[in-house]
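Each of the next two complexes has chain A plus one other chain: chain B in the first, chain C in the second.
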Partner chain A sequence: MKAKRIIGGLILLIATTSLYAVPITGEQIMQNVYDRDTGNNMQANLRMEIMNSRGQVRERDIIQVSQEDQDGIEKKLMFFLSPADVKDTGFLSISYPDDRDDDQWIYLPALRRVKRIAAKNQNDSFMGSDFTYDDMGTRNPNKDVHTLLGTTMIDGQECYIVESIPKVSNKEFDRTVTYIVKDQWYGLNKEYHYKGEMVRELTINSLESINGIYVINDMVMENHDKGTQTRITMSDVSFDNDLDSGIFTDRQLKMGPRF
Partner chain B sequence: MTTKNRKRTILSVLLTLAVTVITLPASDISFTGLSQTRLALAFEDAAIPYYEQKLDMHIDIYKHMSHLFIQPYLSVDQDEDIEFAMRELYADFYLDAMDIRVGKQIIATGQADGLYLTNMISPLNMSDFLLSETHELQMGVPAVKASYYYDAFTFTALWISHFVPAETFSSDSYWFNSPTFLSGGSVNMADPETPELSIENSEVFGKASYFGALATVEVLGGYTWTDTPYAFSIDTGTGTITTEYGRYGVLGAAVSAPVSSAVLRTEILASFDKPFASVVPGTPPSVSVEEHSVIDGILGIDIDLAGFSLSAQYRGTYMTDHNETLITDGKPAKEYAQLATLNIQKSFLDDTLTAGIFTIVEFDEFNILVRPSVTYIIEDAVEIEAELILFAGDDEGTYGVYNDRSVTSLSLNYYF
Partner chain C sequence: MKRITQRPLPVLLAILLISILFVLQIADNAQLETDLDEYMPSEHPAFVASDAASEEFGITDSIMIAIEHPESIYNVGTFDKIRELSEQLPEVFEELLDEDITSLYHADNITGSEWGLEVGPFFEETPESQEEFDLLREQVASNEMVYGSVVSLDETSTIIVFPLDEEADTKTLEKELTEYISRYEGPENIYVAGRPIVEGALASLGPADMARMFPIVMITMIILLYILLRSIRHTILNMVIVLLGTIAAFGTMAMFKIPVYSVDTMIPVMLIAIGVAYGIHMHNTIMYLVRKNSLITKDQLINETLSQMTRPVVMAAITTAIGFSALMTSQVLPVRYFGLFSSIGVLSEMLFALLLFPLSIRLLGVPKTGRKREDEDLELPVQGKIKDHRWTVYIMNKGKLITLIAVIVAVLGGVGATKIWIDTSFLANFEEDHPISVTDRFVNETFAGTSSINIILSGEQPDTFKTPEALSLMAEMQDAFVEDPMIGGAFSLTDFIKRMNFVLNEEQDEYFSIPDNQELIAQYLLLYDMSGDPETIAKVVDYDYQKTNMTLQLKSDSSSLIEKIIAQVATYEEDFGDLGITITYAGSGYTSFIFADLLMEGQVLSLGISFLIVAVLLTLVFKSMFIGIAGTTPIAITATVNFGVMGLLGIPLSSATALISSIAIGIGVDYAIHLIEHYMNRRNEGFSISETVNETISHTGKAIIFNAIAVMGGFIVLTFSVFPPNRQVGSLIALNMVLSALGTLSVLLVTLVHLDKKHRLPIKTAAANKE
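Right, the complex of A and B next:
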């Protein structure tokens, strides 16, 4: 009996040791990023500065509320605060963790109606910016094949370098490289490559911890192809707000950004 | 009222509004608007039949559970005629599961774009409808609207205290056409009398709607007035045709649902015992009123393809017990009528340039309206729009009648 216990203990020890010895994979890193705590819901003000190749800048101010439920379904409500021609225009979207298209509605104050809109191609530009709809959401790691390329130091932080190849090809990128802060599971930089060239690059300028949740509050997406760039800064960020259950509805779209 | 007095009145109202807005706490107020300069140039003779400068203001005043909305509107046209109107002026009250809106308001319903089927509660301002933006066509009505929310359902009751008729072309308008059923006759049309203000003459509507990921569904019913007048008798002595507005009931539904990456939309509206003029030509013609039910339906699709936003709609109309004497909007009424719309848009230069083309086709007397346009955003909230408004086809049709009146239009929009 004693010998059996010793053998059992050894097996457990070997198994445990082996477990610790297994290096983390690209898949696990991206799953950790996806599973990172982002609170039950989030509210924030976004300022989007879109700079064209001639250096002219257009600005958009947006208020956004988002919530993800236990099934991974994300609901997002956005209202334009400026410029004046789009003020109070509202968007409501529901994103699913599987391959289903997003459900999307728009409220145009001039028409006074909530209108269902055709699902955007995820690689279409978001509001004329250098971000795509895909960039603005949380991309499910199952959509790509991930490979850990190595580690590097960025601003004194050790980062994993993960290469992701989309399972379904698209014309915007055929490969991305993301720099993920070790044990924190947020990205500091992301490169989008197409046919061997880096076409876009996302750089994180600053982030902060709010209620223990890391929030990127200043980021820039550069489009090397077009010579344009878009900067998004976030302010008044709050998590786990006491949201009304009816906030993600047509009623709220018509009421505007008064929560 | 003389022009001088009218200008004084307008100025007084604007000053009062400005003082009211300025003296309220800034944090409770949102003040936005549009200044637009627009002109149209006729192809035929290079004349400028339309020039307008307008100021459209939106004033929102917010309190904890209520909201006041004021939308004054001021325009000056090529004849220096000044129009001042209150497009909307209402108060919202937000309760736990209910919203109440009281005052002059534009009621928008349905799922169709630019076609007014179930979206028929607010009358249309068609005095310049060929040049107006779609959202400017609907007029406010004095109403109390209560919406009760239960889960994904909304139940709305609407009471319109007094009837507001549609506005049509004035006889000196560039777009005016004499009613075709009067051709050859020595008769004239009298202006209709607006129904007097009474409970009995008010309008009522009820709507139930469902808002969900699978579909949006609206069911609407009501008892309303014809928005435009119809001839109901003739004074054979003077040759004057008298006109009036009449009552009828409606029941309709509108649905929109995603199918793959497209959105399908459909609407149906049944109008019960709607009054129509029946005119038998002669000298003088004989005029009477007949009631007929009308079924109207729309099927539409919206889809994004290769960066192009496409929206197409088909509309079919059927009138029961039709006969050849019936008249609607000054033209012979049809037993069956069909039309289609197509709207294509694409943005360029990081969404600063938008090119689009809107087309509406009537199939019965084949005629067409085509509106290609280009909008360029000079800087945030400042844009310039150029548009061609082209008519072609059978001159018996709604658009073909303007065959020789195609125009190009240019507008500068300054939002603030």
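Right, the complex of A and C next:
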């Protein structure tokens, strides 16, 4: 299983000016997206609004810290700030760059115990939202076959249109189409197709530049199949914080979001 | 009318043309409505609540595929089949939804290991080694959420449950699915069960059986008619009247693009009974006139027949039609249409009876009286000369006894009627050894049950169903339910909470409970959201935790079980009320139950209105309130006894059997009008009471008895049907015919005599004093 970067994926990345003069391929574009610098570590407040097909909304506020070390191991710590009855519930995950399953722990303050939870399938829903674990990370480009379909203008920016076909078939999508801003290497829109129908669609509403790193602070995933959608907005984003090395441990999980 | 009969060919041509037009309409526009939902009054609050909850929680009817292995399901072959069926069936059959399938392959297994919590399917790949199978077996046996419901306790069977698309055509699905599944047989037995399957089998079996039986019914009736009437011409005319009347009813129905509902199969039944009555009365009068005057000319015969018969036939038809239109007060749409189109059919039959008999005389001449029969003299009303019928003696002398017997019968009927029950069970319609019944029994014995009802609890505010109080009360009610041997299982939010609490507390038994801590419950739910499939939880609780859905699996689809459950829930109503929680229900079993209740209510109401209308019309027609009441009495007795017999024999009320009581009205009105009319005419002609009774019995009485025998004889054939509901219909029609005939010839006649003696009948004074 490819390393999961639950937050890493949210921060689609920085400008690395294209040096290629030769026509670029779909593969190269996706590799550039994958290779963006995401900073050393990141801290942010996340608001997740999950809307079901009846228009009812569940709101969750989460504070999260993430860090990727030199070996490509990504560690992430999240705490729920609201709703009140789950406040301080903590979630710790460690993803490995190789095929190892992620390690995940959860801390339930009312139970006062840290529990390990089983690794999830990449295509399973992330916290009951319309995002999958796969969406929350950056998918390794070698999992798909990419084709550059052409370019188009979105909001005054020239974008590559890249079609990706998974090498290993899954039940969630058999084709994705991503719109990637030329020379910036972040996506503005992604369509998930299955059996000829667009089942899900990710739309980026806004970005901001923090310490020179582009951060998507508002995005919506619509599930056309189920009529549901999830919006994730981010605030108070900071990079390269001075983190305690012991922060990604079960001790911190029990302590709550005090760092 | 008389002038019309002088130009027979154009009239016949016109009738033929109109009928052909109707037949073309039927061929073009008629469509059968088999979807039961179309019967339901969708604006009724119970249906509105059920529909809303069904949409919210994804409550659908389900198809169950049970796989039974002679030894144990834990082997490669069976597991491959579980996986293949789970994956392929929704692809082959679009009606089977791909989501929310329950099977070992799909069910979420919430497990705790020494290090934490895991939620996932029991298997994704078929296990390869015995060890893997053993491990899986242990997991299943230790998970109360599947053990006994997805896998049988003896481990020889497992089940796959597919939610069904609402729009699915159950009739074709039942056939195709059963055929498709058969290729997976061996060594396993594969069963297809579930309410839609039973419904589908029912939708094809009932009409198929009726189609097979109906020709036999008609042939029997034709033979009986010929034996009774001894006239090929009049037998044919009788059947033509019935046929044309039926064509007119269904033709207008098709013209207005109103679909044919299954209760409409009762329209021809009604039209046969009534059409044959009209025909026999016409026949009787014609033959009577011919015998009285063997030299009678065509014109005289036509004139005489019409002047004697137009009034009673028209009155009978109009009264019946207006009586039927009372059914239009029903809340149930098909019943309303039944009333309307039966009325149209009856009026058409009236017209055809009054047209075709005279036309046949015009075209074919005066009918021959045939061989003289012994009793023939009796039909000639020669004053003072005729010997009294034995029945006349009874009527004249045993009036009190007859009244007493009638009262006893009516009271018994009334008592029986209180025992009447509504059954919406589809399954009750099949013989015990029918494959549908066998499968259903197997699945009900092995698993939680093939039927279900959903109890919907709604709180006043969000997060109600995160509170320990609400959840504990739910768990308490749920525990009480599963004590009932007819309730195979119950499933709700509490199961998730209890299981999570158990698993996260090292599987210690005392933690298999609702924790007394709202935050912990909320955190469990969040944890499940993060680890499991959020759609599973969405089936038991809404987004705001304000509304929850408890599913009870039932081992019977009988209405009495649903009634019992509703009564049991009612005992918790107060406790839930204290927490601000209200209770409603959902699911097709429940809506059928409510529908049946409405049907019954509407039926009783519209029957009551029919009685009133008939009584008023009889009063107006005969200008006597006493006659109005007397004429309605046999009808009321017949209807009461009809319901009484149903109650005593345990024949449940259904949309078909409920309408049979309308026969009591249709036929009862006809009998009463002819009898009263004849009685009054004879009395006014100067006959004494006993002479009148005697003459009425031999003339109208004969027609009534002939009609009853022919119709009853025909429909009694249905009791040989292989389909129990058709048997019930057959015997109830026979019963109604007998009761109507007997009631008219005894109770009505005795009442008339009694009123007559008391000078309460509007009879000219000269005749009135003659005893």
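Details
In this section, the second predicted complex is superposed on the first by the 238 of 259 C-alpha atoms of A that agree within 3 Å, B and C clash if a C-alpha of one lies under 4 Å from a C-alpha of the other, contacts with A are read in each partner's own complex, and residues count from 1 in each chain.
The criterion applied here is as follows: a residue touches a chain if its C-beta (ideal position, glycine included) is under 8 Å from a C-beta of that chain, and two chains touch if they have at least 3 such contacts.
Computed from a prediction, not measured in an experiment: that's the story for all the values here.
Considered on the superposed chain A, chain B and chain C are sterically incompatible, since they clash. Shared-chain residue A:F91: touches chain C; no touch with chain B.
Judged by the touch definition given at the top, the superposed model places A:R54 against chain C, while chain B stays out of reach. Measured by the number of chain A residues touched, the leading partner among chain B and chain C is B.
Touch criterion met: A:D103 reaches chain B, while chain C stays clear of it. When both complexes are overlaid on chain A, the residue A:M153 reaches neither chain B nor chain C. Of the two partner chains placed around the shared chain by superposition, chain B and chain C are both touched by A:R113. Shared-chain residue A:R251: touches chain B; no touch with chain C.
When the two structures are aligned on the shared chain, A:V168 is found in touch with neither chain B nor chain C. Stretch 296-304 is the one of chain B that runs into chain C, the other listed stretches 242-250, 296-304 or 314-322 having no clashing C-alpha atoms. In the superposition on chain A, the residues of chain A contacted by chain B and by chain C overlap at 52, 56, 58, 83, 85, 108, 110-111, 113, 115-118, 120, 124-125, 127-128.
Interface residues of chain A, counted against chain C in their complex, comprise 52, 54, 56-58, 80, 83, 85-86, 89, 91, 105-106, 108-111, 113, 115-118, 120, 124-125, 127-128. By the touch rule above, chain A contacts chain B in their complex via residues 50, 52, 56, 58-59, 82-85, 87, 94, 101, 103, 108, 110-121, 124-125, 127-129, 228, 246, 249-251, 255, 258. Note for the complex: chain C touches chain A at residues 56, 115-120, 463, 466, 504, 517-520, 522-524, 526-527, 529-531, 533-534, 538, 542-544. By the touch criterion given at the top, residues 30, 32-34, 62, 94, 99, 106, 108-111, 133-135, 147, 149, 152, 154, 211, 213, 216, 256-258, 260-263, 265, 302-304, 307, 309, 347, 349-352, 377, 379-381, 383, 413, 415-416 of chain B touch chain A in their complex.
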